[in-house]
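In the two assemblies presented below, chain A is common to both, partnered first by chain B and then by chain C.
What follows is the complex of A and B.
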């Protein structure tokens, strides 16, 4: 962290450019199946990078990020055929950010397992509010007709994945991000060196919800259907944390590696051994927590450090 | 000029009062020692000044501004830095990053990362941690972590530095080196210091004035040479002389 030389950013810029070229090639030459896998991968990248911008840097593990995805999807379907599609996506992000500020204000006062449980509970709470609203309106689901094509959605998701990656990269090296790292390490010491910890946490929590809201909006366009139990499913939050644990969430490469690993694994096993998929995933997760809690990227880094010494 | 003023400051926890009716001034550029037996309320006084805990009664003024109702981060930004008796390094970050973060947020905020980096490296050089810059802070020895604690506080660019037993637990050689370092830092950064210490010889060498706390109240105040022969202080520390 924190060395000012320009050359330090070269690997990041290079990797980003390579990813963009690969994605462009996929849009132009890829078949429907390849593009849809690409879309799923980019979705997880965007979600986990956004999550890591808050939870990875602050150490406050949010188990409620599914709520922002769900809120985004809900804003999209409510505004469907009222708002222009892409304006709906932006609005979904802003509403998700506002909800995060509202939920973060009380919940960021506790930390550790209390924060984890509280974010999970609040996410479920919002889910059932939406379920109730939909039931009161007499709707059991909403259909979206005339949504953008898969390739258009892929392009939009690519933008979000790139944006979330750049945000995490810049944030981690910024004044604001350095405050968040200090919060992760020791909140009292952080206050003592001039960091407004409450404001720092809330601000980044709000920021980290915007892109997940937009991702939710895009995915509702992809599924062309909205059902609150599915859009607000806590499995989204669990998967985000799983990817972060597998890859590491301390810096940009972690979520990328984790997302690629999980998407590849699920594609390999889903069709061939569906009954084994969750078992294998569970075993992997336990092994990572026990033997490589810093994730794939953290492990690679510590090997590197070991070799350097 | 009076830099810090405490007037009738008190702190109680439920029915227990840790500090009672405590008043004292610190002039700019002064080095004041704060001593007293364990539990006398020394660290509580630091926590009240630094805003880590709110006062129950009384007022605290710093450079003409009332600070006893301010949160800790604002007090730090005004120019008061403290170390913690039980050190609190950012263990998972490198030694350098511990300082860079402080330089980016404290009183004398570095305008950019590169200037924060340069300031931090200069301070590390002065506290003798330059060769440890890229180590994780959690892997330093106790003496190293104490130095880091001082270095991080200085990286905020303070006017007033509160040192809480930074010599405790160090060997005699380490104490001598640390004393020399503190004296040098004080001159170089033109700091005003309030020092909590049990090592009497260190206080004698560093301070121009010593304040003695006993059960949360001021027992004595004066030049070090007078304090060491003060009968009230001697009996508070060692009990009454057997006849």
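What follows is the complex of A and C.
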């Protein structure tokens, strides 16, 4: 493989720098409302980029990434006031990664529809286990008092969003990522040319859970409240997949565009007309799968190419 | 232990199994013939329930009559959804290459649309009505009349379906497509017409199940999702596309649910359902009756 010239990475580095500058400006000058929307946007970016690192590249659609978010949140609240806050966040990521290895080891043997349904089932299973544990402990929801400020959380979330974006960018262009892409195109053939598909899949699956775990921890600090039905809600998993479909999950810009689009739509409509928001989301999802399966980013790219010709 | 041997519990399990079998049958048909993962299936159950509720409370139409109307509406919707959305999906080689994932996403969109249109127009309030709730005593088992009707209608609908697939020409064609899609097309089965038939039938069965559900429990725009999940568990248990297998799956899941919650506690219902599901997927992903299929 030819080593791409350094200049090829310039657009990516430039875009990243621009995003960092914009975020810094938001922290300094933005009001509470703007920062909180920024936080939501960064949250979805971090979640979807992490998801795309596994599902976008391998074609194994995980419908259970809410479980990692939920586990992260749970670790955070259980360790609250026992562990230093930021250590708790890191631990949340590590536990989520470990859970992913544990769940992924058996479940990555099945593929296609079975994997989709299984990841969903596993996430629900873990949710109800946590619900039972909390019920057995006699707790219905936990409050966190004295959490970091909104701006601190924004900064931390920015770090995660940037990290997940860089991971996806590097992974897509690495040996490991090529292995995953090969699995997506033809798993048997990938195996035949000497890719250890089982190890590749498991490794990246585990990796793609760490950041969602940390995101879950940060969001529990943001909400200062933990309730398992909410933290493990399958809506999170579905939204991740929807964003990926809207934006296109094949490379870094897709999830970014999808997340920005969804957050804007949700800000416009969610508070005023939640049903209408969901209906529009449904219509968009259906239309994108049918008419623009490559997502917003893919469409933009093919338009560009069309013009160049 | 004596609780477990009571006829009451057995009757409850059988009623639930019949309802589950009916819901799972339609889902399995659509998956078996076209490889479409219809996670909007439960929404048709919900819709059937609402049609019955409104006909009964506003127009005074008996739920028994809705057993004809709701499936007709369901069938119409099924045909419409097939023609507008899925004909295109199945014909485009690019989309059809990942038909399962794509159908899942589309049906998820459809499901969200149905739920929220209903919530928008009819609010999320629980709706219920009282119909034939007198208790009937059979031996030492007491059951309300509407549950008895549910059991009778669901069982006969499932059995007629199985008979239809076994003995009729169109039914044989459906089975042929489930087994060998390309070969069936080669011997002259009109796949497109068959797809329309299957969509109509699958959606009609779900709507019929909805009529029955509304007779015994309250409904909301979000009542369908648990049925979708149960139906998926059942057809996975029985083997995706295996119609007889899903009857067994329904019995097994209903038994696990009813006896499991009787022994442990009703708060463990979901853990039990998902536990059984995961165990089967991990140990025998092709279903309890399935033969191992060579990986694609």
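The criterion applied here is as follows: the second predicted complex is superposed on the first by the 298 of 309 C-alpha atoms of A that agree within 3 Å, B and C clash if a C-alpha of one lies under 4 Å from a C-alpha of the other, contacts with A are read in each partner's own complex, and residues count from 1 in each chain.
Rule of thumb we're sticking to: a residue touches a chain if its C-beta (ideal position, glycine included) is under 8 Å from a C-beta of that chain, and two chains touch if they have at least 3 such contacts.
As the structure is a prediction and not an experimental result, all values here were calculated from the model.
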Inset, instruction - Have a look at chain B and chain C on chain A after the superposition and call it: clash or fit. - result: fit
Inset, instruction - Return first, second, both or neither, reflecting whether A:173 touches chain B, chain C, both chains, or no partner chain. - result: first
Legend entry - Superposition-derived comparison: chain B or chain C, residues of chain A touched: C
Inset, instruction - Would you check which partner chain A:188 touches, where first means chain B only, second means chain C only, and both and neither mean what they say? - result: both
Inset, instruction - Considering only the touch criterion stated at the top, classify A:129 as touching first (chain B), second (chain C), both, or neither. - result: second
Inset, instruction - Look at A:22 in the shared chain and tell me whether it touches chain B only, chain C only, both, or neither; answer first, second, both or neither. - result: neither
Inset, instruction - Rounding in steps of 10 degrees, give the angle chain B-chain A-chain C taken between C-alpha centres. - result: 80
Inset, instruction - Applying the touch criterion given at the start, work out whether A:268 contacts chain B, chain C, both or neither, answering first, second, both or neither. - result: neither
Inset, instruction - Applying the touch criterion given at the start, work out whether A:10 contacts chain B, chain C, both or neither, answering first, second, both or neither. - result: neither
Legend entry - Closest approach of chain C to chain B (Cα atoms, Å): 10
Legend entry - Overlap of chain C and chain B interfaces on chain A (superposed complexes): 188
Inset, instruction - Note which residues of chain A are touching chain B in the complex, please. - result: 1-4, 173, 175, 178-179, 181-182, 184-186, 188-189, 191-197
Legend entry - Touching residues (chain side chain C, partner chain A) in the complex: 31, 35, 37, 85, 88-89, 94-95, 98, 100-102, 104-106, 108-113, 115-117, 119-120, 229, 232-233, 236, 240, 267-268, 270-271, 274-275, 277-278, 281-282, 285, 295-296
Inset, instruction - Can you check the complex and tell me which residues of chain A touch chain C? - result: 59, 61, 63, 106-107, 109-114, 116-118, 121-122, 124-125, 128-129, 131-132, 135, 187-188, 238, 241-242, 245, 274-276, 278-279, 281-286, 289-290, 293
Legend entry - Residues of chain B touching chain A in the complex: 50-52, 71-73, 76-77, 81-82, 84, 88-94, 96-97, 100-102, 104-107, 109, 112-114, 116-117, 152-153, 155-156
